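A, B and C are the chain letters, set down in written order, and residue numbers restart from 1 in every chain.
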Amino acid sequence: MNYFLRRLLFMLPLTLVIVTLAFFLVRVAPGGPFDRERKPASPAVERALAEKYHLDESLISQYLRFLGLKWERTPGGSLRRAPGGLVAGDLGLSLKYRNHTVTDIILQGLPVSLTLGFLAFGFALAMGLPLGFYTAVRRGHWGDWIGSLFALLVICIPGFVIGPLLILGFALKAGWFPVGLWGAPLQAVLPMVALGLYFGGRVTRLTREGMTQALQSEYIRTARAKGASELQVLLKHALPTAVMPVVSYSGPMLADLLTGSFVVENIFQIPGIGVFMVNSSLSRDYTMVVGLVMLYAVLLLVLNLLVDLAYSLLDPRVRYE
Amino acid sequence: MSESKLPQNGPSMVSSISVEAVHLSPNQKTWRRLCANRPALISAAFIALVMLLAIGVPLLSPHDAVHGSDSQFAPPSLAHWFGTDVHGRDVFTRVFAGARISLLVGAVGTVVSLIIGVCWGMIAGYVGGRTDNFMMRFVDILYALPSIVFVIVLITTLEGFVKQWITAISPALAPAGRMMFLFVGLGAVSWLTMARIVRGQVLSLRSRPFVLASQSLGASNRRILFHHILPNVIGIVIVYLTLTVPAIILYESFLSYLGLGIQPPAASLGTLIAEGAAQINPLRVFWWLIVGPGCVLALTLLALNFLGDGLRDAFDPRSS
Amino acid sequence: MALLILGLFVFTSCQPQRRADLIILNGPEIETLDPQVLTGQADGRVSGALFEGLSRFDAVTGRGVPGWAERWDVSPNGRSYTFHLRTNATFSTGEPITADDFVWSWRHAADPLTAADYSGFFFYVKGGRELVTGASTNFASLGIRARDRHTVEVDLTNPTPFFIDLCAMRIMAVVPRWTIEKYGDQWVRADPLPCSGAFQLMSWRPNDRIRVRKNPRYWDAATVQLERVDFLSGDSPTTSLNLLLTGEVDVLIERNLIPLELNDVLLKRPDFHTFSYLGTYFIRFNVTRKPFDDVRVRKAISLVLDKRRIVERITRLGERPASALTPPGTGGYNPPPGLGDNASSATNATDYAAARAVNIVEAKRLLAQAGYPDGTGFPSFTYMFNAGGGGGSRTHEQIGVEFQSMLREHLVLQMELRPVEWKTYLSEMSLLNYDIIRGSWIGDYQDPTTFLDCFLGDSGNNRTGWRNPTYDGLLDQAAATPDPKKRFELLRQAETLLTLDEVPIIPVYNYTGLYAFDPQRVGGIHTNLTDEHPIWAMYRKR
């Protein structure tokens, strides 16, 4: 318990470091958020724009302001803390979507990405665990070849090919599903499959790995020698150990899924936050990038923690010091 | 991913090894097991074939991968086995010129990630204690940073700078600038998992009897690292090598989809597929633009994965 | 599993809404609704539906017609306008719109502290330039006055024939003073938002959709037939096509959302419509860098570009190859022939081939004269362009590839291609950190100065390093000339200097756009050069 508490406490400074890294990293790239094809009407206008978002201040000053630890003089002459900032839970205004705060945008898009992510997670497990189990049991035979081939294919074909293929086949030609957008249950099916297939393939491979390893270990032989039925051996003894690598992969897998996939959200035009990570970096929306990095980091750290917790519960041999 | 200890390899079994094989070294045994694995062999042969074609086709083809012609969007024919694209370029030649670049990107990127990852992991695992803690926390931090942010910043910021530097060295190398940059960048993004794995392996090896014996005999740390630990780490590293290459190639295709990939008119398989993806539409499909590159890419990556599987099985003394 | 149930539960929390009367695929998510601050065309479409000014854009001609001003008088010298506002004009929330509101709105937009990129339009108003550049802070000096509650007087710096078009611009719209004073920069998030346009804001979900509904207090509300309109934001051309084909969206109005690889197929469909608009695709030279400071080198490269091939094989929308910067017919203006005009205006293939042959010979001669016979000794250089990504178009890249092979074939010049992403492209272009770079310009109003002003010596939009006092002088002179014929003549002289004599840019083609809607189901969308398609004119056919 001590270990997990320490991990939890450690998350805070770790997140801060990550966020700081992102803060400075994204400001290094050339070009700024307000660079446009058309130049502003006058240098005075350009200056005023930079001032509005404090881009004319030094990096350190901007960083302090971001944290909420910047003190400045009011027109009245007194010293006061600049409003907002991380300590106040304010991630700032998006530099590109200037009428929305970063928190606004994340809170709007996150539920969608979360829903899609969980659905895809469910799909990946529902596809991967049985398939992995099957190919491990049928190892070396046709069932293994076909199953493994399928799993590998979905890993090796890029998502921006699989997505449109699914749309073309099941939505446009067959007409079973809508081609995109979000809101009705039917609209979630194709994106779920498009997103989940890749991870399903990974889960299949990991399960197959784990099962193969488990089936060759000594306690399985013992169980068999003790006369347990094959099914019992497979399900009760081998499967729990086999699932370990999948459990440990679930952490980063969920982190990837829950923060939204650029490709799937772009192709199906789903209003999640997946497209924002890429687009904000490309449009130099500093505040948005930092906000999203923080979200991703927190998610990843929490999920990793949960995974380790699950691990320790599943396998009594595992100990943390 | 966590500090927990994975179930380790048990003591080696004797039962299933023939009398003759007892005299073979572990590496020789590995080689034997590999040869017995049919899919792995087929994959290795396929990869060799692709590499041969990647080198040979652009050299020998009557068509140019770069220069256009007037026959735009011609379907596959005897003159153009994979058809032509928007500029009238022969797709077959482009696919294998692209395969050349993709494999190069994958290989160099992997080597970069290997060098950084192995060194990092070895040092962290061997030295242990505070250094290990610090180094692994650093890896954790980088892990939590979405790679796309890092890559975009890397490409946009340093590319111009690196280009100047390269042109200063040799103007002929300039077009290769972005490419080399991509290799290094992709490698820099993927060394993290390698470091973790190597560190895990080194940690378990560190307390093995042969290492302790070496230490008590007074061998220097460097000797131990390179003579004893490294050879035992090589196995798992090779396995991950063959699995990192496909990951890097796919990531490069994602970057091409975003417009950040190889500089035109050169193209990697990933670029060709990203361009061909636009052909998946209900109105008019120039299918050869996606089927050709798509198949070559998918098959190559499949082969790499199967080979990786085979290698992993071969290195594991318990597989029968 | 449990996850699926969770998923469905979250679903039902998405509010099911009645389908809007019209669903428009507007383009990428808009940056702001504030009409004074916005710069993007997608932003302008939504904001234009919500806010209006003295005039508005006519749906058919794209020129300025009465908006909140029902008529106006122009002084004989063309420098004074008197606008008569409609009586009982009100915002959507009921507050009256008076002349004072217009005065306040314009002053606020011209204030550099508002940081309005388009405040350059106020240069046409007396006193505007001083305010926008910060030289003066006396807002009363801006040439707009309220003579009485319903009369607005405007003084201009020069007679400006297209001033009424300017008044229809988003930045000139009347905005609710008290809302801005209360909420500051984020006033568009106020609820309820007082709107002065045909519609009012209902909801705004970023990256999803913006919903507006009819404003019953709009002066022309009687003719507005749509009750609810949705603006969808999207980024991927293939998805946009799919949505259109399945009827999920009614109108696809953003050019960049059309999958350009399918241009030739789309052109044949009845629901896709092409139109020319005020835009030119051109290539910039960095004239501060050797060897592009030599006009012969620039001319040689310009003559070798096979514009027809590009238009026929790459863009395939029936664009017109251009030798001039200004599209023909802009406000009644016909540009003078630029370099390579013999090829651009050839009407059949033989003439074209002959013209090309002549041009190529000339190009070789010029290059040799400049000291690089057959390309020997010419340093390697790069062509920069922004890479299309995320399934977006690769037109710039394809044009670059063709350009590269043309240079190699005819002049034996080695040009490298350098795709960069958008922000880097803008930054390098502004810093003059390039050899040759791709460029384009979309006109704001129907007058050639919207193009020609870009290449004034001190214009921020120039970005070639080219300065020519004669050119600047001609444009200044033209601005002060009231006689339209004489004015156009001066502008033609300036443009000749630009595109025939000095050639700091190579015009490639005039843009043709493509948009989509089913004419059996949707009406009220017309093609015009300004690419203005006001929502109030659209309607559904039963």
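In this text, a residue touches a chain if its C-beta (ideal position, glycine included) is under 8 Å from a C-beta of that chain, and two chains touch if they have at least 3 such contacts.
Bear in mind that the values here come from a model prediction, so they are computed numbers and not experimental data.
Asker: So which chain is farthest from chain C, going by the mean of the CA atoms in each chain?
Answerer: B
Asker: Need the central chain here, defined by C-alpha centroid distance to the all-chain C-alpha centroid.
Answerer: Checking distances from each chain centre to the full centroid gives A.
Asker: What pair of chains is linked by the largest number of C-beta pairs in contact?
Answerer: A-C
Asker: Centroid from C-alpha atoms only, then distance chain B to chain C, rounded to Å. What do you get?
Answerer: Using C-alpha averages as centres, the distance is 45 Å.
Asker: Using the average of all C-alpha atoms in each chain as its centre, how far is it in Å between chain A and chain C?
Answerer: It comes to 38 Å between the two C-alpha centres.
Asker: At what distance in angstrom does the C-alpha mean of chain B lie from that of chain A?
Answerer: That pair's centroid distance is 23 Å.
Asker: Note the residues in chain B that touch 2 or more other chains, in rising order.
Answerer: Residues 152, 156, 160, 257-258, 277, 280-282 of chain B each touch two or more of the other chains.
Asker: For chain C, jot down the residues that touch at least 2 other chains.
Answerer: If we look for residues of chain C contacting two or more partner chains, we find 238, 242, 245, 389-391, 421, 423-424, 428.
Asker: Could you list the positions in chain A whose residues touch two or more of the other chains?
Answerer: 29-31, 160, 164, 167, 172, 262, 278, 282
Asker: Would you tell me which residues of chain B are touching chain C in their complex?
Answerer: 67-68, 72, 86-87, 152, 155-156, 159-160, 171, 174-175, 178, 257-260, 263-265, 275, 277-284
Asker: Quick one: in the complex, what on chain C touches chain B?
Answerer: Per the touch definition, chain C meets chain B at residues 237-238, 241-242, 245, 259, 261-262, 265-266, 313-314, 380, 387-392, 394, 397-398, 400-402, 404-405, 416-421, 423-424, 428, 433.
Asker: Mind listing the chain C positions that touch chain A in their complex?
Answerer: 1, 3-4, 6-8, 10-11, 13-14, 16, 29-34, 37, 39, 112-123, 132-134, 185-186, 188-189, 205-208, 232, 234-236, 238-239, 242-243, 245-246, 248, 389-391, 421-424, 426-428, 430, 440, 459-461
Asker: What does chain A use to touch chain B in their complex?
Answerer: So the residues of chain A in touch with chain B come to 14-15, 17-18, 21-22, 25-26, 28-31, 145, 149, 152-153, 155-161, 164-165, 167-168, 172-173, 212-213, 216-218, 241, 244, 248-249, 251-252, 259, 262-263, 277-278, 281-282, 289, 292-293, 296-297, 300-301, 304, 307-308, 311-312, 317-320.
Asker: Help me check something: in the complex, which residues belonging to chain A touch chain C?
Answerer: Touching chain C: residues 29-32, 35-45, 47-49, 52, 96-100, 104-105, 108-109, 111, 114-115, 118-119, 121-122, 126, 160, 164, 167, 171-172, 178-185, 188, 262, 266-269, 271-272, 275-276, 278-279, 282-284 of chain A.
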